[in-house]
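In the two complexes that follow, chain A is the common piece, with chain B as its partner first and chain C second.
Up next, the complex of A and B:
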């Protein structure tokens, strides 16, 4: 753990606390700042849908506690923060005996797996393409072909997903059009069939993310590579007679990659937000799809829980990247703030 | 500010330099093609209204489920076909596209204004103000904005396009703030800025008359990125059925298409045309952003020029 100072870790951790607190406060404030009486609207919606008639009295009471009709706002606020810390979001409004936490817990692994898979592939591919585009010794043929990979880089992933569904799921019938695994024939577990099925189902949504977002990384990396190329240490390394692959990887890419990692931490929030749409359009049983379900069904306790968990997960991922950063770039902790 | 054009020209090797006013970094192909793509979509709404009856975008004004005219079964009365509640697709696109732009422009402008104010404050004042602004923008950027926007839209049922733009703007400021702060920090120590300050120019003048012209390409690139991000956010909300529901928008059309299983039913025109228009908008904005990057950073203008 060279280069990792206590001050740096403490600072990053405080940042994490601040982000999570800010998120929790936002979730608390939104229903209260919304115009009109959202609570009345919700009751109306719930009774109109007629889904929860049996337990309605109990539920409305549970839900009143959630949104706080009992006690002044600061008491409610403290209660809410305490619930967030213990991850206790109560019962789901629409699937009563189920607790919100259980429902999220079932969905969360799918989202984390899909996003980690997609983001890592995107990051590696995008930076590789960008590095080759910005490297002077790249073969001209390769360099003229590489920009083709950027074709889809500005199209929103979820709309691109529709196109992929149309081509690969309906027209060619190569991939399934929904779900995360073959739930009719398989049980989740560490079997080869299950993992193969999960991978088969994840390819299309992951492709929608990878193909649309690697262009951004490639462009950023190209710029960084060109900047790196002009540095004195590159000329020195060349003069020392180092081999080209070593120059490329250890000198150019290694330095150019650092700002990209910062950019990754900054863009995680956007990626998580976008996954809600991807999961909804691919009917992928992750947290994003669950959020869509909770909104269309008026399950407000579930919704609050999901949003908090998504903010918590994103902030934690950023914290992990931040803590890994000094290992890759030891200079960072020497900076005075 | 003469420095704006003088700098890139000086960075090029001697044989390339032509004293020609068309030899401006602002006239690069990516920027121009991008602008043409974006403007053609943006203007289609204005011009389209003269040639096509936009009232056909309302429910029940046309026959249902017609394919486009160039496909067997289609008619020229509805060149791009119709969807399942009797809206004419051409009219839907002509009303939807400019609306998306408006939301994007409003949100990005508000975001940029906040960014300019906070970025200049942070860069100039430094100290705890700087630290506070930086921490706030770092924390804010980590929160998945779309998720929060989805929740807000779920609570605010009848949402107008303008409200949506303002809500999106709430999440559009950290990017410009960070960018402008970084620029102010580097520019602050430049000779001509010191000169201006020594000459007695006030801070306002230094920021807007000396610094802004040099930051312009960066600001424009970030603004373009924000317009694109805001359109993406609004299209995303609409595509979940959470946008304004009275007027047809591109995202909402995709939402309805998805709900009615247009993909399975083979009604490709229903989601395909909004997809195409959005693809043109986003690709155009993307090209503009790359073009502006090249204006800002002469090194990016093609590798062959070097050495």
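Up next, the complex of A and C:
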């Protein structure tokens, strides 16, 4: 890759390792510092389901051994780091004998598909609106209309989701009210019917995310456009007589967009957490709901597995963006001068 | 692919393509969608009570992670017996009879000779001996281990349909407590020919495209990978219908679905896309009725709701001062206005309690018995009399300060009432209680705790007061609820208690409870002992009864009729219990198809 030294790549990679290790260590420690015993809670749940648990201490001990929670903390820590390296997080505490990785793997594709779909649209629309708002030559009528598109930003996504459900699913019957595809009639597979159904089901939840979150991107982009507008290269480009669309896209937007790309990578970890309510209201499968479930049910193994995957993906996305920067912005180089 | 722009495009396309590919080819264990469509009027659509099923391919009911309320134990796993809440009688199902010896320590189970698994093999004594002897007794981590290990010394086959259980101690409630769907479900029998040789802890009991082998009237056809919908089709070869034991259920297809938050589910039912819903609020029920007049509930008018078996109780840690003083506990009771709780916390959908039992007909008889003995005159549990509260407190040396709160020795009379964070019903009661205690000069407050912490604090005695339901147990006889207060469970604060977590100690009471515990169900001596025990209970009031618990369960009569109700009380309304079979064989299509 041009503009990049081996030393820089190694340093960035080591930083990635350090970030992931610190994250893994924190998610090992935090549940153990929290009050309450997850194994005891699991046994308690058995009694809540109509089972009379007479010898709970014996059962708790048996389960503690099975989950490897009976050993000293450093043995558990080493095992946890090994699990992180192999992505094998063992069994779920509340869904035994389901394995954590199997549960994440079942939910992850839907999260990736929905969020990729929604985030890309949000990113493009939000930045376009922001760019037009910050661009001096935007027609006044358009400029006065654009802020209206940002009014949805003040509505929480799940409230907006409810509104969309009421209008488009229950009143107009244009979109399904729940699920990721028509599971009563279709099976997942690479078929036109399935993909069309998946897209049809994703539109409402995606709209709820897109319309409520593009405002943030737009405001950030607007500020960057105003800053960019005063740069020397913009004045030079205008002096050269370049056409307005070229000035707008190649000179202003391209330069203003760079910080937004870093923000995009950093927001990856947040959007999974933020999609919990959307997944709940649209009954959409995904990691967000699984994370919420693991927290509310004290399923520490599942929670640790999901959070580790989030840390891993966010750190990796930031690493990739960092490595791609010299390619995106030719002014940046990591080569020694 | 030289320019950065092209590279970025390629990266973006790759991400989108990868996502679609993942979504399309995700290795989800899912049964094939049903081949045949079944008309709506032959389909019964029910709400999954417990929310999304996180591991939908887990059909092993013995492991802690298993869910059973998504049609699994209401249409596939049959119980041995079902307790009829209205009559208190235990009705046969897979089991024909379950009888004890005179000492109540040897129980003989006779299975229905016509019972068959859905693969055609007979349900026999071998299956029972295998399930109890090889699974429940030997594998500690299974759901059924705790109870069976506590009681069962040995289990042996007598003949193809007869099994003998030898108990470690006499237990007159062995059948009722574990095999009769007393609350939610019971211990179930697994087919030996399927389970033998499998690791019962990791066996999922599911093979893609095939229904698991059980004996119920429905077979699994399909479920979606996110665990929100399960489809079962009727097995027209169901043993009970073939043998004339029960009629074939009318619905050809069952769909158990979870449609998200209550708003969505109510909207679906208003749209006639759901035939029943789990417990909803009165407000939601009123909305539903306005949109779909075919919706009914247990009662035609208020309180609408059917009784839940776990009545709600205000509970105190009796190791802490001043709550260790029975007079102070009575002072609290006089401060409680139960009518206000019913109106505010329940919007009139339940009734107040004077004993910590659910008021089903067999318990109503016991309540009348206490009344006939003058127990409620001697102990006016429903009396709301703040003046008496203050008199008692002042007699005990508490003085009201300028801040309006009682204090003694410089210490203010305060109380923290904890509730489980997930249970809004109990939180509402706690909020009303706080106001009522504040009104008499007790600085009460309400704290919601994470469920796991709340449970642990209870077990370890690390609480002051709580709004709960932990005297739950009895529905047709008095012992189980009394036994929750037995002194035999008491362990020091800081150690985990399996019962009597309030740590109330009364040897005389416990002696009576133990005496009842070894008497056969229905024994005439129980009534007298019950009155004696309740006399002690009322005098000391370690746990204060507040209200009956309610479940407002709407049924839609557009497609199906003969739902259980107060006018037709053949079964309770719970669609998420294993006793749902009673409803399943009783409901009728509204229109002839």
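Note that in this section the second predicted complex is superposed on the first by the 281 of 337 C-alpha atoms of A that agree within 3 Å, B and C clash if a C-alpha of one lies under 4 Å from a C-alpha of the other, contacts with A are read in each partner's own complex, and residues count from 1 in each chain.
Operating definition for what follows: a residue touches a chain if its C-beta (ideal position, glycine included) is under 8 Å from a C-beta of that chain, and two chains touch if they have at least 3 such contacts.
Note that the structure is a prediction, hence the values are computed from the model and not measured.
Legend: residue contacts after superposition of the two complexes on their common chain; A:289 is shown touching chain C, with no touch to chain B.
In the superposition on chain A, contact of A:165 is made with both chain B and chain C.
Contact with chain B, but none with chain C, is seen for A:154 once the two complexes are overlaid on the shared chain. In the superposition on chain A, contact is made by A:280 with both chain B and chain C. More chain A residues lie in contact with C than with the other chain of the pair chain B and chain C. Once the two complexes are overlaid on the shared chain, A:266 sits against chain B while remaining clear of chain C. Taken together, the two structures place residues 35, 38, 41, 162, 165-166, 170, 280-281, 296 of chain A in contact with chain B in one case and with chain C in the other. On chain C, the positions that touch chain A within their shared complex are 4, 7-8, 12, 15-16, 18-28, 30, 32-34, 52, 54-55, 58, 60, 63-65, 140-141, 143-147, 149-150, 177-178, 182-186, 201-204, 222-226, 228-229, 231, 255, 258-261, 263-264, 267-268, 271, 422, 450-453, 455-456, 459, 496, 498. Residues 35-38, 40-46, 49-59, 62-63, 66, 92, 94-98, 103, 105-110, 112-113, 116-117, 120, 162, 165-166, 170, 177-180, 183-191, 194-195, 198, 280-285, 289-290, 293, 296-298, 324, 327-328 of chain A are the ones that touch chain C when the two sit in their complex.
Only residues 131, 135, 138-152, 154-157, 228-229, 232, 235-236, 239-242, 254, 258, 263-264, 268, 271, 274-275, 278-279, 282-283, 285-286, 290, 293, 297, 299-300, 303, 306 of chain B touch chain A when the two sit together in their complex. On chain A, the positions that touch chain B within their shared complex are 15, 18-19, 22-23, 26-27, 30-31, 34-35, 38, 41, 134, 136, 153-156, 158-159, 162-163, 165-166, 170, 215, 219, 222-223, 226-227, 229-230, 265-266, 268-270, 272-274, 276-277, 280-281, 291-292, 295-296, 303, 307, 310-311, 314-315, 318, 337.
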